[in-house]
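The two complexes that follow have chain A in common; it is paired with chain B in the first and with chain C in the second.
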Partner chain A sequence: MLQRCEACGAFAYPAREACPACLSAALTFVDAPRRGALLAETTARVPSDVYFRERAPWRIGLVRMDCGPTMVAHLHADCVEGAPVMMSFQLDKSGQAVAFARPERETPNMADDRQWREMTADPKFRRVLVTNGRSLIGKEAVAALKAAGAKTVFVGVSEPWRPFAGEQLLRGQQGIEVVTLDAADEKSAADLAADIGGKVDILVNTTEYVRPGGLLDRRGTSIARDEIDQAYLGFINLAQAFGPTMRMRGADGINSSAAWVNILSVHALANWPAFGAYSASQAACLSLSHCLRAELRPGGVKVMNLFTGPVDTEWFQTVPPPKVAPRAVAQAIVSGLKGGLEEIYVGDVAEEIRQRLAANPKALERELDR
Partner chain B sequence: MKNSLRTPYDGIVMAAPVTIPYARYSIESAQWWIGRALSALVAKAGIKASDIDGLCVSSFTMGTDSGIGLTQHFGLCVRWLDTIPLGGASAIAALRKAARAVQARDADIVACVAGDTNHVDSFRLTLENFSRFNQDAVYPYGAGGANASFALIARNYMRTYGVTREDVGRIAVAQRANALRNPHALMKAPLTIEQYLAARPISDPIHLFDCVMPCAGAEAFLVMRDETAASLGLPAARLLSTIERHNAFADDPMQVRGGWAMDIGELYAMAGVKPDDLDVVQTYDDYPVITMMQFEDLGFCNKGEGAAFVRQHDLTIDGDFPHNTSGGQLSAGQAGAAGAYLGLVEGLRQVLGQAGSTQVKDAKLGLAAGFGMINYDRGLASGAAIFAGPAR
Partner chain C sequence: MQGKNLLELAGAISSGAVRVVDLTFTLSPDFPVIVLPPEFGQAAPVRIQEISRYDGRGPAWYWNNVTFGEHTGTHFDAPIHWFTGKDLPNNSVDTMPVKDMIAPACVIDCSAGAAKDPDFVLTVPLVEAWEAKHGRIPERHWVLLRTDWSKKGWRDYANLRDDGAHTPGPNPAVMKWLVEERGIIGFGTETIGTDAGQAGHFEPPYPAHHFLHGAGRYGLQCLCNLDQLPATGAVIVASPLKIRNGSGSPLRVIALVSAD
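Our next item is the complex of A and B:
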């Protein structure tokens, strides 16, 4: 995304209030062509900032974009002076969008680059806790994270003596450790954190508690209370048990903590009355995630929210397609972590709601009512 | 050589060049350093503070003060006032404005002052908050500061024109030799080309001796009409010409020339002299590669010949091309905005015959240049002035 002048078409960078070519104020951020050429590079060996001092030497360069502007950029190690590069904005550890230059073509082990990994939360080589292995999404997430090269995946299972479908996929597998966790239980979360809290680099919160119904066709508050207990208070338990240690371990050498992932219904953003109370519990979790993001930021730990429409699981049985396959959610978790994203939308329903919310929120509210 | 259409600086002079000896770190404020410089100006010129009716100030570390606050702080009552935040181009810009003010009789005696303090963390804070573009699009990239930004420029320039580190090092080594004759220079140890080449890398290709040492200090001079100087019995240098340019050659993908190249014909035409006529040259040396660029852009050689030029000339005080005779910022220290003044003030001492231990024999005609404000990817501001001592 770069600013482009609506009057004369010139691209501008760094961000300005008026076009340097024609002084128009109509500068809009648009997806700009990503190709450029690396004009010159340097390696900062004595940075003035403590963050970079700890990570020096740090390589940066000046890139001339094919579309005009020059950009100071972090460099992938395989970038060569004079050669073409592909630019993207990545979120750095402080949450700031920064320009990153990668070689135009794929190079071996490209995602393992030291400076690139500083911008991402790639599960490769990392230790991950998937909080609920009983759910379909949980099991798919474990498989996808293992396939992406995670060193260890801890899988939380409540009441582990109680058998569940797909259990054999988790038990006795190399690099997968089943641990006892009931996120809704404060003591359970604290006990597990005491055991493995210092080894969790990425936490994937797969807590799932879906019940249909809104306000008037339910009696009393017991189901709503369960929704809050499981999703919202479960989130709080996990955050209080694992968050402080993760925040402290954001720069813990090569085994530092990197990210926290929430899987949220896209109806956290716009209430879906058919699952109205559930939507509200998700909205509460979304709000809390912004608080968590702010509190983890000083440690350089990212919070990624994954928004999905109805998933193809038993609690959405009565909902007609399109529905999201649990495997698609799992793959999106991995790709979001690899990109170092803060938000990712999975599936057509989630994407549609994202777009319609931006275009006309009142119309969306009215139409979700059908 | 083209003709200049600008109004000549007839009868405009500079006097009383003063330097407050630098300190690596200071617990004093910028206002303290500026106060010392004003006091030294008054003492050296033999005037009263109330005789100063114009004031021009530059500083990075005055906090929320600007020139107006300083008038009350120092008990000055002026009828012309300016604050110039142009970094390394501040001295030339101050001189240009002050010269026209006294020429138009808006003021009679203008004090041009720059001073900065250097607390233990001042430099980093200045880096972090330098400009909006810098905060947004430079500092988050490794926080290498000016060293990293100029490293990119240096690398491109050196590759484009086949310049080696040894070529660039000649400038730093010669300036260190000059500094050893300046008792106030912060750098006191000799520097050989071998030591220069063996120095630790800071941000490739910038190595330790390519970098200035941030410090505290102040520099100042007076601008007035020649009859004022005569009535005060003050030795004074005549201002012959100036140039100033900002954001030049914006379409160059990387900086290989400064704004001087745009105005150089004007500079010599207005002064009525040629580059060869100059007895002493003071460039803005935040990095020696920028000095090499100035040798080209100020007309001492063609673009791309800077390396050959420094190989062919002796840049020391007694050499055939006396340059940055105080040791420059590289060896005397960079006292913030006073770094902009260092060359001009030393140049004035030279043509006035007041340079003492760094005096170039028979120096009559001098040039001082300024360069500053790496707002994003290049230095935006440039300027230069030519001036003559009473003997010419």
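Our next item is the complex of A and C:
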């Protein structure tokens, strides 16, 4: 995204008060064409910044965008002076958006570039904990992460005495380790962190507890309590058990800890009364995720929130389509990690709510009330 | 009874002439709980949350907050637990007579049958055969069904399959008979529930709950160490927590057994 002048169409960078071409003040941020050409490159060998000093040598360059502005960018190792590049803004380890130039065309093992990996949380080579392997999303996530090159996928299973569908897909597979984890139980989370906390590079919180009903269609608080127990307190237990070690390991070589993923209902953003109490529990988790993001940031560990509408699972049986396939959620987890994103919206419902919320929150509230 | 006898009992416990056997599983989040179809309300699992452990939250002391459903761990069922006992007087754990909390037990060893068939059921002829050997079951005695189920790993212990749990228990006829013809005070099992895993398909469903609680009797489940009890002569101490209008509670169950 760059500023573009509404009057003359010129792109401006860095951000300005007035258009450098025509002095109009009507500058709005829009998606800019990504293509540019690498004008010049240099390698910082002894950077003054302590972060880059540890990672030197570090390549940067000047990119002239096809749409006009010239930008300083971090460079992919395969970028060649004079050649076309594709630009993107990436979140660096401090959570700051920075310009990054990659070759225009795919090169061999392009995603393995050292500087690119600093900006992303690619599961390749990394060890991932999927916290709940009982859910469909959990099982799909395990498969997708494995396919994306994760070295080990730990899969949490609560109440191991209780069989579940698809269990044989997880047990006895190369690179998949089933571990006992009931995230809602303080000691269970702490015990698992004691065992594998130092090896979890990416944590994917697949806790799933969906029940219909709002306030008046339910009796008492026991279901609401379960919702909070599983989703919210489970989140806290996982964060307290795994968060401190992950934050310490943000720069632990090629296997550094990199990201924490939450799967949230998009109704965390706007209450859906048919699943009203569930929406509220998700809103609580969303708020908590922002706290976690701030607390993990000093270690360079990203928090990615994945928002989804109703998923095609048992507890959304009565909900008409469109619904999101668990596999689509799993694939979005991988692509979000590869892109180093903080937020990702999966499926039409989630995307629509995002847009409607930005456009008219009161209208959205009214629309969800049906 | 004279006070002297009570002191003798205390002395016998202290000397080991009367053995105290713990029939209780440790109350912990790891222990299986009953699984109902998901559309029904579920027992809250056991949760143990530290308040402090000699740390900044409380430098000299360790303590926890504990939450659990009434029917978790080794637990007691009061008559109010079942619809058949809902209108009886003093049918909850806080109002039941405290003298019912101490009673002798008959232990029926069905471990061989249960080892062969997880859906093993206790029947009237089996109890009659037991009585032929050990004598008639006296009134106001507990009947404890020994299956050695408590020795299994948790997965085999819960033994859940696609169509539900497969664990041993009593059939309807024997429950009605034990309550009406023998006047037992209660029925205890090693499994999760006084009824068999498939008892929902019996007629009436869940006969142990149906007949026991309908007649104001009690249930004990998730017991262990029944193999350390004699067939007759053990005295069970089972005092549930005094929960207001409580339908049951986890509890410590102990048995007094004469060592000779």
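The working rule: the second predicted complex is superposed on the first by the 370 of 370 C-alpha atoms of A that agree within 3 Å, B and C clash if a C-alpha of one lies under 4 Å from a C-alpha of the other, contacts with A are read in each partner's own complex, and residues count from 1 in each chain.
Note that in this section a contact is a pair of C-beta atoms (placed from the backbone, for glycine too) under 8 Å apart; a residue touches a chain by one contact, two chains touch by 3 or more.
Owing to the predicted nature of the structure, the values given are computational and were not obtained by experimental measurement.
Contacts for A:Asp226 in the overlay, against chain B (first) and chain C (second): which applies, first, second, both or neither?
Only chain C; A:Asp226 stays clear of chain B.
Which partner chains sit in contact with A:His74 here, chain B, chain C, both or neither? Use first/second/both/neither.
So A:His74 only meets chain B here.
Would you sort A:Ser188 into first (chain B), second (chain C), both or neither based on which partner it touches?
Only chain C; A:Ser188 stays clear of chain B.
Between chain B and chain C, whom does A:Pro160 touch in the aligned arrangement: first, second, both, or neither?
In the superposed model, A:Pro160 contacts chain C only, not chain B.
Would you check which partner chain A:Ser279 touches, where first means chain B only, second means chain C only, and both and neither mean what they say?
In the superposition, A:Ser279 contacts neither chain B nor chain C.
Tell me the contact category for A:Ser48 with respect to chain B and chain C: first, second, both or neither.
first
Mind telling me which of the two, chain B or chain C, contacts the most residues of chain A?
Larger number of chain A residues touched: B.
Do chain B and chain C land on any of the same chain A residues, and which?
In chain A, nothing is touched by chain B and also by chain C.
So in the complex, which bits of chain A are touching chain B?
13-15, 20, 39-49, 51-52, 56, 58-62, 64, 70-74, 92, 94, 96, 98-99
Considering only the defined contacts, which chain A positions touch chain C in the complex?
Interface residues on chain A, with respect to chain C: 159-163, 182, 184-188, 222-223, 225-226, 229, 314.
Quick check: in the complex, which residue numbers of chain B touch chain A?
Going by the criterion above, the answer is residues 123-124, 127-128, 132-133, 136-145, 147-149, 151-153, 155-156, 159, 200-206, 250, 253-254, 376-377.
Please give the residue numbers of chain C that touch chain A in the complex, ascending.
29, 32, 35, 38, 41-42, 44-45, 47-50, 153-155, 157-158, 160-161
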